[in-house]
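The two complexes that follow have chain A in common; it is paired with chain B in the first and with chain C in the second.
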Partner chain A sequence: MFNFYILIFLFFNLFFSYVKASDKDMVLITSGEYTPLFKYGDVSDSSKVYVKSFMINKYPITNLQFKHFILNNPKWDLDKVGYIFADKNYLSHWENVDLDSISNYPVVNVSWFAADAYCSYYGLRLPTIDEWEYVASAGINNPNGRDEANYLQDILDWYINSQVSKIVCINSMTKNYWNVFGIHGVVWEWVSDFNSVILLNTDAEGGGLEELLYCGATATNAIDPADYVAFMRFAFRNALEANYTSSSLGFRCVKNVG
Partner chain B sequence: MLGKVLIYFFILFFSLSVYAFPTNSIYNLDLKLVDKSGKVLNLHDLSGKVQILSMIYTNCKTICPIIIANMKAIERIVLLEKFKNINFSLISLDPDRDSVDILSKFFNDKKMDSSRWNLYKTSKEDTLKLALTLGIKYKKEKNNEYTHSNLIIILDKQGVIKMHHQGLDKNFDHVIKLLSQLD
Partner chain C sequence: MRYSYKCLNVYFLSFFFFFCFLGLNAKDLPKIDAITTFAPEAPPPIKRNFPAYVVVKFETIELTKELDDGVKYHFWTFDGAVPGKLVRVRQGDIIEFSLHNNKNSKMPHNIDIHAVSGPGGGAAVSNTSPGRTSVFTFKALNPGVYIYHCATPPVPLHIANGMYGLLVVEPYKGLSKVDREYYLVQSEFYTDNAYGKKGLHGFSQEKALMEFPEYVVFNGRVGSTVDTRALVANVGEKVRMFVGNIGPNLVSSFHIIGIVFDKVYVEGGSLCNKDVQTTVIPAGGAVMIEFEAKVPGNFVLVDHSIFRAFNKGCVGILKVIGQENKEIFSEKAKF
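So, the complex of A and B:
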């Protein structure tokens, strides 16, 4: 099933694993502010979140890279991982497929635990919601995509029409202002703190997003379409569990700078 | 020859029964806890007892005290029913502020019985992993308070999650029914 030459290639690459995960696959995101979900109407400074500079993978992690990780970390092989770490669809798209043919496609059907273990192995980590959203808020030509005509519509079209068959290989992904490829329009991506999205069952002390969304929305009686796009991501994250896998959910890693 | 094979199988069975938790057990997580007296232990050291647990933080003024009060209400029924193997564990969501000393003081202030109760903390990374595994959501707010799920979680002796009880729900009938099966 798995091409012999790929195996040889991977074998050689075992020796260069740390080199491979080095800066050449990553781009620098310089520090800045972004306005998170449900705060677009709020123009005060307190609605802005400051994000420190960091490096991020240019592309989502591919099937080939993940296979490479598993060869180094056999406990993440699909027949060895316990249910608490990954549900039964873990890497199910690798079954009955020539991995050669999907080697440069983003890996999907990986749990939070598997994604976290991958990044840790290379001395990296998963991005936080704020880091991911900061990168994703950029358009093609400037750091704020909302200033570009088709930015929101393109994302919205993808959310509405997204199909597994539309997953493309990393070479055909479009890049944004930060030279980050495929942040929209390909697969959803894991973030480290997805469980900080709290829509239900919340401790009343912090308020909770539900109140912000529903009370806030009815009070102003206007929802910015940008809120809707971000809300879909937040709703998706709210529904996740750490061992959950999906055929449209992959990841990329980040690392601190300085 | 047959004897040897039997001994081999016996050893294999014995070692599996001691060391292997079910694949859906939280005790497969390899992480260290520190308890309120500063003792370091592995998460899987909580195995062997039914655990009634929650994740809280000591600065929490409104919801966490209610969760603890409800766990104490469960404890009173546990004593009445004479269940023997039930422990109560609280794990801090706020390892930065909840030092061992603070946990210890909190434990005494809340008059917890050390034969059944303990307080734990772990590293920031492992706090997140544990919360994710238990299905607990939390978020640090700008005022340093945490928004978090108010859940009481029941683990069987092997660390499999058997129930998520809403922390504010004072009807414990289904909790007690489950505990009578697990004890």
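So, the complex of A and C:
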């Protein structure tokens, strides 16, 4: 009988190691520099930010992967999560839906706490704004998307001309230079330090967040005022709280290398 | 002894006044729901002669609908309409403004109301995630006709996609009595397809930066106020129009062909100009126009920067019905 339990245990381990985010699901992002939307902190002499190498999930985390996480961590189940950690729309797209039909679609309606717990459980973490933006600033064939014609307008089209209902499954996502799929045009993605945009620039140049965000002068501190998509992400993160969920907000994980 | 009674009176009196002032607190004002209307209708004039605590509720909705016959555009809107609803309050009112962002929205949204004295016109405290609600209050200090618009970054995009409308603050004494009131907002659309080409159009950032719109329209679409949707008035009626222009880039030269404006409240403020043919409405500004419909006919509303009217859609119709007045206008002969 004991052996049987061990067998079951081994079987489950095998099964979950398949589901578990392994290196196979991740790609290496080599270190480099990227240009953030706003100058901030002590980088005023240089507009570039250096990002260390890291691994990132090829795809956004799917409904299936998140379901397995919950099976192992029942406290993140729909009925058990408190409002402090996830609001009332947490995983609401699972209701009255055959989960098989959306298993390969990115999980949405997850809070920052849930996303963070998911990553931690697998020994991973959420990307920082800088890491995420670094990956997202790549084009199709080039680490710097701005060198590609139509890069900004193409992303903008995805954001403003597609509706939430059109979230695609991971197999039909396009990949960028880093072999990362669906970083644009599918869902928004959580980052570990989403709320740091609130602190941004409060002590630099005498202009606070309000000045950055709301005046006609919004663009004065921006390095590229034409990067509308970066402004949209900036505004989106600014409006979030850690227990918020949204039908167009998912996540993916990263891990350190070396 | 008598003296000290007098003192006591003053003492009580000052208490009385103290409570009177307390009585002016927002919580003690009568609480009412704002009456709001979609264009081209305007809410009824305010009959109150005292301030109120006015509750206004807006919902931001992203939806695809027609910009022209057979031409669709993915709009970002207040309450599903372009322009959003006209709000009418009285000078001295406290307005509780509640902004709900529909849970199916992809974008966060906020609101900057030009009548607000405060950071961002309210935008600084109303950036709202999908499915959430933000509430703020402000006091309507200045009378006038004011634009409101979404000011979430990138601001130009939220404006260009349809998020604007008007808020009217009536002066303490109210506005003069008229027979009809209408609500109009002029705006441009920067589509990635040519004017009139059928199908779904997207936003062209390139054209927006060049300030080269494909569409310039009244009330959110080509033909919003023509044919069966034309504005109407009877001969002899006094008509008032609240006309806004959001731009996002162009300044409007607002004109109604065949009508002289008896009064124009310049830039929507308190300065009244009389006997005006064409009035300039700045981007992000408004104007209040009054005139009497004198003779019957179809009167064409245009931006007199005339190619916009002729080739980009900026046309509306005011249909005046009633008896001719040959002294004012009559056709004699053709040779």
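A few points about this structure:
Note that in this section the second predicted complex is superposed on the first by the 203 of 258 C-alpha atoms of A that agree within 3 Å, B and C clash if a C-alpha of one lies under 4 Å from a C-alpha of the other, contacts with A are read in each partner's own complex, and residues count from 1 in each chain.
One rule holds in what follows: a contact is a pair of C-beta atoms (placed from the backbone, for glycine too) under 8 Å apart; a residue touches a chain by one contact, two chains touch by 3 or more.
This is a predicted model, so every value here is computed, not measured.
Touching more residues of chain A than its counterpart among chain B and chain C is C.
Using the contact criterion defined above for the overlaid structures, shared-chain residue A:Trp158 touches neither chain B nor chain C, since it reaches no partner.
Contacts of A:Tyr228 after superposition: chain C is touched, whereas chain B is not reached.
Once the two complexes are overlaid on the shared chain, A:Ala242 sits against chain B while remaining clear of chain C. In the superposition on chain A, the residues of chain A contacting both chain B and chain C are 241. Residues 62, 64, 74, 103-108, 110, 112, 119-120, 123-124, 127-132, 151-155, 157, 161, 192, 200, 202-206, 209 of chain C touch chain A in their complex. Chain A makes touch with chain C in their complex at residues 87, 89, 152-153, 156-157, 159-161, 163-165, 188, 210, 213-216, 218, 226, 228, 231-232, 234-236, 238-241, 244-248.
Contact residues on chain A toward chain B in their complex (touch as defined above): 46, 82-85, 112-113, 116, 192-193, 195-198, 201-208, 241-242. Note for the complex: chain B touches chain A at residues 23-26, 28-29, 60-63, 128-129, 131-133, 135-142, 145-151, 166.
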